[in-house]
Amino acid sequence: MLAIINAEIVPVSGDPISGGTVLVEDGRIVALGTDVDIPDGTRIIDAAGRTVTPGIVEAHAHVGISEQGLGAEGSDHNETTDPVTPHMRAIDGINPRDDAFREFREAGITSALVPPGSANLLGGSAVVIKCAGDIVDDMVMKDPAGMKAALGENPKGAYGKRQGKAPATRMGSAALLREALTAAAEYLEKKEKVEGGGDPPSYNAKHEAMIPVLRGEMPLRIHCHRADDIVTAVRISEEFGLKYTLEHVTEGQYVAELLAKHQVPCAVGPTLQHGSKVENRERDFRAPIALIRAGVPMCFTTDHPVVAGQFLPLTAGIAVSWGMDYDVALRCITLASAEHAGVADRVGSLEAGKDADIVIWSGDPLDYGTFADVTIIDGEIVYEREV
Amino acid sequence: MLAVINARLHPVSSSPGRGGLLIREGKILEAGDIRVPEDTPTIDARERIVTPGIIEAHCHAGLSEEGIGWEGNDGNERSDPITPHVRAIDGANPEDKAFRFFREAGITASQLTPGSANIIGGEQLVAKSRETVFIDEMIVLRPSGMKAALGENPKRVYGPKKSPATRMGNAAVMRKWLDRALAYADKKDAGDSPDFDMILESLIPVVRGDLPLRIHCHRADDISTALRLAEEFSLRFSLEHVTQGHLVADTLAERDVFCAVGPSMVHEAKVEMRGNGFENAAKMVRAGVRFCLTNDHPVVHGRNLPAAAGLLQAAGVPAAQALKSITLAAAEHIGLGDRMGSLDVGKDADVVIWSGDPLDARSFADVTIIDGEIAHCRGGDSGC
Amino acid sequence: MHAYIGAKIYPVDGPPIDDGVILVEDGKIAGIGGDLPIPDGVEVVDLSGKVIIPGLVDAHSHAGMWGDGEGEASQDGNERPGPITADVDAIDSVNPHHTSFASCREGGVTTVQIHPGSGNAIGGLCFAAKTAGEVVDDMVLKAPTGLKGALGENPKRGAGKDSPKTRMGTAALIRDYFARAREYGRKRDEGKSPDPDRGLENVLRVLEGEIPFRVHAHRSDDIVTAVRLCEELGIAYNIEHCTDGYLIAGFLGERGIAAHVGPGLSSRGKVETANRHEGNAAILAAAGVKVCLVTDHPFLDARYLMAYGGVAQKYGLSFEDTLRALTICPAESIGVDDRVGSLSQGKDADFLVLAGEPFSFKSPVLATFIEGVEVYTRPTL
Amino acid sequence: MLAITNARIHTGTGETIEEGTILLRNGKIEALGKDIDVPAGAEIFDAGGRPVTPGLVEAHGHVGLANEGVGWEGDDVNETIDPVTPHISALDGINARDRVFDDFLRGGITSVQIKPGSANILGGSAVAVKTGPNNAADDMIIKANTGMKAALGENPKRAHGADKDRAPYTRMGSAAIMRDWLFRAREYVEKRTASDSKTGYDAKLEALAPVIRGEIPLRIHCHRADDMLTAIRIAEEFDVPYTLEHATQGFKIPEYLAERRVSCAVGPSMSREAKVELEGVGFETAVAFQRAGVPFCLTTDHPVIRALYLHMIAGKASAAGIGPDAALAAVTASAAEHIGIADRVGSLETGKDADVVVWSDDPLDGRSHPVRVIIDGEIVYERE
């Protein structure tokens, strides 16, 4: 058992608690408040003068799959042989020994949704993992956690421009995506008819991978930057009645009402990125602020390693400097991210019964100069800063 | 001899008025109040507007031919970014239909120029739009300039495998060859005889300031680079296109730089053409930039040049100044302000009789006269 | 004349001034101090509660030459064919209307040293400019300010047919080219007029001490190779990026080398940046290296240079050193400290108004002044 | 409610009302005429006697697919991966925020049919949209699938045969591919309709099905007269509805087209002969169509000619001989009919969309410009 005492507790899901205690047992939070009994033998961390928050959740990071400080050898996020590869699974490409996991823990990031890259229209299934462990299967929180899709420049650059294959245009991307969805739907229909005496369709790995998407069991997670790509993403998803989320949403400010109307979950970022492409020309803090104002469910992402994941809290801090409410900004890297990733029942806030993913900060968690002093995942201290 | 009577004369160099023109041996003998000798063939303008011939100061007629594929495309010698030794005269086809369209549209002279793929593209000439199969019969001035280019085009054609691949590279390639030409010219002047080099030989008039370098540039920073280079080497020069010249209009006005602006009718075809339009051109005019208008035929068809001047007018430039920008100002730009561009006694008899206001796109050139000869008559001879 | 009163001022070349006054006339600082009489007829601007620091100086930027969502037509940073493009000059690639300059102003960067890219072993001339203006020539503070060199991965990835394939090859190319430049200079001095060659002439300027060689090097072995080459050639130099510098801090410190550390806030995208460490700046500074924090814009968007300063401070760089690493140190390294980098009488009136103490999200840049003109005012979103 | 008073109303269907009033309410035209009472509380815009027309309609464009001043990243016109891509849709490529839409508004164009490019034999479905004001293409739609783009002539054989070394290499090849796919689509439709069908879903054939069923026309790009005839031959063979796009050499076969009442979107008539197949490009075709009674409209084919100048093109056609009423109709009512959206736009009639333009002067004068552009009753552009 572990108790963090005398802390300024920010549970995110509720009001802050001054001088409070968080009690942890068997990897879960069992109690928190000012009036918590601490059993004998409990290990005690005195957090006097320090802030305690839930572990930070990165809703879209290529950690472990696009490795740090390696060349092509560590690059496993884009299967660029075919623009439609829904049968890929991010979990099969994740190296838990990617040094970025260490950086994540040092920055207080305790869980992450890892999607395949955005070169493919359908890139494969994402996985949500904890950021500590040696065997990826032991780190899994949710698998599959959504099907990665992409619109805009990346697919037409990877195929039309570099390989002379479809898609070469945005129209082509949409058409291929629709074709894949329709073909999979027909496959599913045939499969469902089998019980009624129909012939089973011959096995197709891609279509199989799409079944949970078509059944609404997991969302399509669509990479889109420009406003028109965002609208195309909404158009296609609504057409097929899918569950979906949008990733990046750089020009979201222009279509905030549409996104609010459909209540589309958006992972916004990497806002600190440089203008690497035409489609991210307008990256700045207008989009997140407009989305929040319009009532769109959103969270922040660094798209690690596009921006190093460790700068996720700093991103939220800069959003505050542009006028976002502090509480909202903090929520956008914790509970809102957990909701986006579909794991809010377990992480993202400090509540009794939730996973004991906890960070003790040296100061204001959103400020540039603040350290994660202690990072706890599932009740285990996975990082402790030497002072 | 030829006389035009009962005209509403727009001489460009002076205020409009009623009157006529008396033409002899290809030149304007009398203008305004004229005395027509007996038996002089006469065109009755019937109160129509008469202007000097329109001049396209920057075009690729004859080099990028109408209605033909690569077979008729001789505008860019893409073998090397430095080709000062190629000459427009050797590529321009007098039978290009463009010249006929020019005559039909009242365009009587044009500067024919190699394309902008090369940093230094070759020698230019000025041609009348006469109907002939001999280019020599069309030429008014040769060479009239040396084509140069900055910005996207050269680096797109040669980079990234070969220099230039960037704007820095554009400038460096230009400097390198101007340096060499200067050294070569100095050696020759000093009585040394360096090994003959056709490229350097062709650049001598440029580095000696005898022949203007006409520098293609769209974006404001490319304009700045052109000015920087021209100053460094004390060049005679003009700027061509100058799409974003409004951003540096004061500098251009202050230094009295010759600018051929256009094609302003075209959309933003390239990144470097962002913001293209007549509003920018009008801003340059208002800032006092020395200014003529070009359609960069065939990018925009040369026959639409009067319509372009109309759009300049619509952007707020007085009609007289808009007309000047495709006549006298264009003549001055190409170094022929003393011979063409206005209806003054002694100038070439390049004259157009219009069906209406020449700046209204619905008007036609009813009669086009080049060097005193009727080169086009709408509706056949009866129309004259 | 304007008087800016009431703010806390960090002049950098002197102690902080509470409730200070800056007098600005004709783009220069006419006076600065805590208790300064304000002449009659001066327009007074009350900045009580705010903080003023000098405009930031970014010693390694590619502002105006690529990136920022411009697409391929505006990629003007690396004269690709290489591997030696000593004849190019960064000034010919810079577009003052590029959004990167707006980013600089938003981030409080008022002076940049603009480099050609690092794709070539010798990349071309660098220059220093202010970040506001219509014509780049009018923005120039000093030109040239150095010759760009590069070691490590980038030049050996070059597309040119003569591009080096190994680190050994890159070093050999640089040695060879400098030797040719010496030869060229000797001929010239002997009155034999060699064929004009700007590339060799630019290298001669380095050999003759007019400008330093500014060498891109990430990995420690590349840094050491840069030192070896430059000492061998007897030329002035500094290290760009210096990512592994903290691993050989003593070696660099005893030579008093300037290191342009950055881009900050980045991940470790290349093998040569595998050892990237946020404490690099602090360790180098402690060892006596002259540390400048740089954006390498666009690779760190200049809007976030202050945040980078905050992170460097977090990892041990003192507040004063962080401030210096963003102002006077780079000004000295570029050779423009007579005009910018600190706030004192006679210097350019380049300064920032912050909402509070520097290096926090609570104190964004509210306004940026260049030569007395407010070139950026923070909007409300 | 908005009332435009004191207007010289050109309805687009040939009627002119002097000193007229138009009432706009809830995005529709509620009333127009000479003696219209303006209800109390209505916002009044006094046109001061200036001309008022329906919002212009551009029948053919690639707007928003080819972004202005951007490189390949913003180029989404031609899916050149395959000569047969009927399954793609222009709607999915439109960047509603592209600056090009400003050009349309500045030119008084309020509706446009957007199509994929002409590199492919069967290029994808077209869509008709309003030109503003919005950030999302879906909110701008007038009609979602207005036809299937097809192309004959030089473009497909250049994009595939010459550039990619694959069929089609020739005009015969192009025709064969078009036939092959129409044949397969016909068979697909028959099989899928049959109750015991085992035919699997095919995206391309599915997209062609509405053509086969006669629900949408093939919109066939063709310039040369022989290409136009091929287009007609194939369309009649399969008995599918069709229109011709460009129809540059229509002046050679006006009677043949008139007999069949083939609707043609003619243009870009101000262009040059950029390709062999454009020989004779100009206003002759519009004049011939007018005389023979071929239904036609005029197009800029933006960006070939900037959309901003659609009204200038109408002016030139008028001067060339079709007259002002037909010229205005060719960029309003006829264009709306060509697209199949005449029930909503293209003329000023009670009950139609409140898409209205107030002009500074005669819209057929290229120098005039809109002072107010109204779409669905909202002022989307103002200029004085």
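As written, the chain order gives the labels A, B, C and D, with residue 1 at the start of each chain.
By definition in this document, a contact is a pair of C-beta atoms (placed from the backbone, for glycine too) under 8 Å apart; a residue touches a chain by one contact, two chains touch by 3 or more.
Values in this document were obtained by computation on a predicted structure and should not be read as measured data.
Averaged Cα coordinates give chain A a centre that lies 36 Å from the centre of chain C.
Separation between the centroids of chain A and chain D, computed from CA atoms only, is 44 Å.
Per-chain CA centroids place chain C at a distance of 53 Å from chain D.
A straight line joining the Cα centres of chain A and chain B is 59 Å long. Looking at chain A, residues 277-279 sit in touch with two or more other chains.
Shared interface positions of chain C, i.e. residues touching 2 or more other chains, are given as 70-71, 73. Shared contact sites, meaning residues of chain B that touch two or more other chains, fall at 270-271.
The touch graph of the protein chains shown belongs to none of the named shapes.
Of all possible chain pairs, the ones that touch are A-C, A-D, B-C, B-D, C-D. Chain D meets chain A in the complex at residues 64-65, 70-82, 85, 87-97, 116, 124, 135-139, 164, 200-201, 203, 206. By the touch criterion given at the top, residues 68-71, 99-100, 103, 270-276, 278-279, 302-303, 305-306, 309, 312, 315-316, 318-319, 364-369 of chain D touch chain B in their complex.
Only residues 70-74 of chain D touch chain C when the two sit together in their complex.
Of all residues in chain C, only 64-65, 70-71, 73-81, 85, 87-97, 116, 124, 134-137, 159-160, 193, 195-198 touch chain B in the complex they form.
Chain contact summary for the complex, chain B toward chain C: residues 152, 155-156, 159-172, 175-176, 179-180, 182-183, 219-221, 224-225, 227-228, 244, 247-248, 251, 270-272.
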